[in-house]
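Below are two complexes that have chain A in common, paired first with chain B and then with chain C.
So, the complex of A and B:
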């Protein structure tokens, strides 16, 4: 079946999927992980390896006056040290994705000349054991001259503020205006204009339980560098490392087997990989580094912090929201390690789940003396989507609309698909009203409203919240040209090989870097369907291996795309292999190809199943008995089939900032009932529901698990997890004792439901998913706002610890500014 | 094996039924002893502060965090690690089987700690409520599952073992 669409070339839907795809097949990864047989990076070892410890800046901003490593190097068991001064000679600054001014930044793998955030690596020590390296680090004398710090992502642009990077000249890394529709017209002609002073999306991290690590060996004989590492986007890392240290990508090998969670935070570890490579070359031995939790929380990557100012929302009297206008300040921290891509990635979801037509976002990417940000789960979209959900709830409250009805009125409707957004993105499919109904049923919405009324005067306040969100997946990397027209990136893709081995085994290798998403299982499911086997007959190689598997420039696991790009590649390769098996089988059986079918690992005549050849017969003939085959046939098959899946993207337009930025739009609608203790401001979640839509599901149980996980991250961030810096830029909570990662007592039982709206744009109807778009942040803010007394200040922050909620409760009596004003005409 | 420096003591400790007589540095943590000295890599490290539980093992019947104990303090102790669970290289015990069936793990990094936690819990309380399970799991962090399917797995294991 070919789905006709005016937006993309028609996509052939693979009709062979069905026997196993769509089933909750148990995961093949589980046995080794349950038996303690996984191979994580810290489990790996090389002969003669040394252990690395980093000396880190105790200051958020300081000039490095001098470094003396002599006492450390004199210690027994110490192999080498590497200082920032050496790095300044051995490394070229990293390639920058930003145009000027941010593009002028000179970024290195360690602090060169000065340190710009607390925890920035200043010296690396290599020793016989991690303990000796740590001991030696204590003996390194670094003299710092502390400098003034800038920590507020908005105030950092003011004159007289300390500048992080003198070569840039200010703390503005990127600025651009996104202007779609006619927001000035909308504001002039609306029946109401709702003005919101400020919303703030806080800084947190999904903090995978396994920290970053690597075992790196720069082989002096071959000049090849081996990186065994849990980096989750190795070819992106290679693109930064290679030019910086003058090594071709052909001389860099990357591999990983099991990765203990990533959530995007492990994408930007290329700086550490660079330092480890330089240290390995200097010491002439393999180097191993396992980041401590303190290092991970202080100095790997944080999620983006964003402040929204001067929001103006035009609304018609029937509740139609026409759009909005906002100034956004995104705080990148001290360096642009993945930024300013976030400055465009939010625009994959310009109107959120709503039919907003007129939008202007004045976006500034700024620099502060804090840990650099990285693409944390829901990256850049969840900040924007949270702001839109806040707008919807605030409009409902201020203008007296029912928040459920207002959403239903403004949602993109089921009949609108494919739906073109004001910036030219195409929402593929969905049904938000039905999902909202299901979410409300799961929390017993009417019952909750009764409980809310009954709670009046008890000292407890009940609130009901809704969060609608999008999980845009399969990026068009051409969107990078919206922020920098000179960037040579566009499209996307992933590679896979499916081959028939000598004894008839089917083996799959993919360019992805799974971190718990079950790629081995789902790749086996689709391959089994296409080749007429069962998934346990398909061997999918575990993990990433640049040399042994296959890859393209976009390979990796990030941005909600495996079900489309990864499985698209596997399906394409399996189809090629299927074609070759049928071709050889038809010849050997003396039949027409159209008379052949594949089943149970056999090639057989569709009309007579007794006339059959097992796959081993096909493989053995091609590999070891090839003279039996006609030469032309033998020359035309390899049984080793590589396929690159390529989404049908074109290059977006730099001038108008428009284009098709992502291929699929999975969505989730969440609903929650919370209870606030008036005495303390403590929030308890009473009921929580998540309804998911991600197109056709390949393995429903894996999808549900991803929804649970993303929900837990959002709940943790909404109520518990927040990076707090003091006025000198000291991170106050860089251990799990202080940074309260959500526990089993913090995350409630999540009631789950789903609907399926297959994507017409993908070969399997699936949509990428897993990020969840930060739905719980919106949902919990919505519920808190719903619980607040009349006249209270709006919920203005994503993070609502008990003290903040307590202040919001008390704000009603104070009758001060509420952070919102309405102009009605 | 790379040394850590400092005083060395000889200890006798039994791990998964096998007794080891080994010289260890006084400052070596039990988790590093298990992972590096004995080469058993199923016990993981997720934090430096005893908060995450990835290094959980059973010591003389009690669930402990092996990053919070020095190896020398394990003198005379009987330790059980994830490698002791299930028969042979491939067999799964009822708790492991329940985690597999109910998708109680994703990346698998925290999983050994949760399995040993569940084993200890079910030995003490064969019929725990959801609230009791959640309270027991409080000292183990999982960043992938949101705990929902871990709780379900332990409920299912409890039923299978009764």
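So, the complex of A and C:
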């Protein structure tokens, strides 16, 4: 066993969890959602509301010479327009998280002066109906002067390339070197050095059922702005909107009920919210906007595209991988919006699932004439984790190691926990070797190998792939200081209120913005356990409401953290309420508090269950019969208990780029068997397994559902989903006719299994999960690599459509460069 | 940008076909789905067309210029316009010759550039629609320009 480690203060596990927590309680939300009774943005309505249509740039890069809205404004039923020129006056540029040079960027809610990607909003039109707004938009004359475009995330740094933001002076927004251990020593002393020329993580997104939208009213009387929106991190949005338009947070109200999927993409909708607020103020009426699917695909946010160059991997003769060295270019698109946070967030998982000690990453955030990026399920980590999995498979193939054994040799081992990574992050718990065994068992690994051999010469090639990933959850926002030491962020938190109402009802409100994760269900489960009642008796307020619910600065739902921060807050508040109920109950029963227990919605004597008071009796006394209580007691209870859960973070070190960046590390290990048609390059998934570990599960069925979702998302990205731009920066697949989001027809039956390694750092033993770490991307690439003939080029891209696979198959015969070289000593 | 090309044999003599192709008013009138044609001068005209696209019926305002012509055998036309916030540009040249078996052999080639979402929606259909338009013009020309 590893010596005692004190990486975080000891956390007492809540022993009251158990009766309902850990059970697959049916989701409360499903009743309304499956009956079509959910309330999404487009279901909302306000008196006098108008509808918005955005006129968008047809050019990827163009100066806006003139805008004439007169013909549109003259149309009956058109209320107002908002141009970029007006925005340039009404709005200050958004605060930038980047230091210089990226920090010099002047970003507005709409194009001011020039458009920098196809689909960028140029003018907003408000009319009495959406159709009228769209028709009026056709009457707006915008004269553009097209400019040269830059589209390659690496080549964009070259001197002759068109510059997107003149104030920055180049297309480099951020650059930094992360250097851990001694990679030069490792490369010098390794028995082998494997050199990989280039790996490319492609650009794709999420396809939430509900696109982005909002109903916004800037009340001319009170000056308050009401945002009814499906933004998934409202306080983050408020931090950008408030200073930009000179409105205090106290004058901004955010709310949502049901959100039809987010996956991170809905975090950066603050630009649209700003435009809608300005338009509402100008028109003096509420404004409503629902993004069309093409708008979502072309101009919402894309996942980060990243290119890895000049990878060098030192490997010992026994297969021990010492680390790696790489140059990474992250293509942020036209604006930074959420970037360059991705330039540090990847470092939550520097060594991936492995004991890699020596790592150097030279990281550059670049700008191109493409849609801005935003967080997208596994944000910034899945790119890095995919690269590591590619490294492991390529090393195995080039040096003749079994990919299973190589993984087992290099994995962080169960006895290593808590495991400190080279940059000071602490992996809390896990057992990757067992998970891998389970995954291989699910796909019948040995049987698959036999099928692979038997397929030789049939025109079909069988490949077996493995993907090992992490789902780091509960961010320490102090990591932002690694990219900009001046940023005033650190730690994290979430808030909840649990209260007992007059007739004994228990109500929970939280600062989170659920998008399908089942918060109402799981919050009720933990509350029920702590208060000794049934989850059916706990009412969890649906959705987010800044005015009615409690919140903190980092409130929202993102980055795999609800099970820790959200439920941590609920548990803390429920414990406070439990304490108050016991205090009042003990007084009313004339007993000691230690003699009291809560069960079935009653306060009762542990020794005599007949002596009991229902919760309604406690509430009625405190709220309506308070003179019965001693004054001191009456003064000390509210039955309305707020708690802020705060993870035990400290501030990371800007100079060394080290620190505790994330609290928990869930993991997923996937395995797949694929079949490639040699004539077409078409990949068919024959078998797929996902093994999950996310600490203690509050609701196993919800966890399994999220694993299925993340798997489908990843399979879609691996084989079907990729944003393709032409040489002029025109997005070629901005509708579902061409952007093929994975459907049930594309996703095989997923064999699922799990293990539980409770986190010692969280009060419920849970770890955040749901993002999945992009495991299918690694798994499918691994399987394709495994299926390729000897001498073929390495699998170098996350996206492998049949044409690319066909080319890889043919590359063996061409005997050209393979994208990899080995130096052995 | 989509490259467009095609060829057809029209059951009309070259002279009659040329009259249609070289007359902006007649040419505009032959375009299917064209609501309005405004002839500015001998080489410039504009039209509002409503071809069926993946967006449904798309209103496209186009300005055309006849850039070059050799009577009875060659014409090159450039057009630019907009469909809502989308932009459309085309360059096309048509070659006319007597067909061996009678009538007129017409070949055309050019390029069509769409910018904006229309490009995404129409990338596979644009060439086909464009060729249909040309065929329709030629058919109308063969029928006497109506």
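Convention: the second predicted complex is superposed on the first by the 820 of 825 C-alpha atoms of A that agree within 3 Å, B and C clash if a C-alpha of one lies under 4 Å from a C-alpha of the other, contacts with A are read in each partner's own complex, and residues count from 1 in each chain.
Please note the rule applied: a residue touches a chain if its C-beta (ideal position, glycine included) is under 8 Å from a C-beta of that chain, and two chains touch if they have at least 3 such contacts.
Small disclaimer: the values here were computed from a predicted structure and weren't measured.
Visitor: Which of the two partners, first being chain B and second being chain C, lies in contact with A:735: first, second, both, or neither?
Guide: Touch partners of A:735: chain B and chain C.
Visitor: Quick one: is A:294 in contact with chain B, with chain C, with both, or with neither? Answer first, second, both or neither.
Guide: The answer is both, since A:294 touches chain B and chain C.
Visitor: Touch check for A:517: first (chain B), second (chain C), both, or neither?
Guide: In the superposed model, A:517 contacts chain B only, not chain C.
Visitor: Of chain B and chain C, which one contacts the greater number of residues in chain A?
Guide: Of chain B and chain C, the partner in contact with more residues of chain A is B.
Visitor: Between chain B (first) and chain C (second), which, if any, makes contact with A:129: first, second, both or neither?
Guide: first
Visitor: Check the residue A:23 against both partner chains and state whether it touches chain B (first), chain C (second), both, or neither.
Guide: After superposition on chain A, A:23 lies in contact with neither partner.
Visitor: Output the chain A positions appearing in both contact lists, the one against chain B and the one against chain C.
Guide: Overlap of chain B and chain C footprints on chain A: residues 294, 735, 737.
Visitor: For a test of understanding, state which residues of chain C touch chain A in their complex under the given definition.
Guide: Listed in rising order, the residues of chain C that touch chain A are 1, 54, 59, 84-87, 114-117, 119-121, 123.
Visitor: Using the touch definition up top, name the residues of chain B that touch chain A in the complex.
Guide: 2-5, 25, 27, 40-52, 54, 81-83, 85-86, 89-90, 92, 96, 99-101, 103, 105-112, 115, 130, 133-135, 137-151
Visitor: What part of chain A is in contact with chain C in the complex they form?
Guide: Contacts found on chain A: 55-59, 118-119, 122, 134, 137-138, 142, 294, 298, 726, 728, 730-735, 737-738.
Visitor: Taking the complex as given, what residues does chain A use to touch chain B?
Guide: 24, 26-27, 29-40, 42-43, 51, 77, 128-129, 131-132, 135, 206-211, 258-261, 263, 290, 292-294, 515-518, 701-702, 704-705, 708-713, 735-737, 741, 743-745, 747, 749-750
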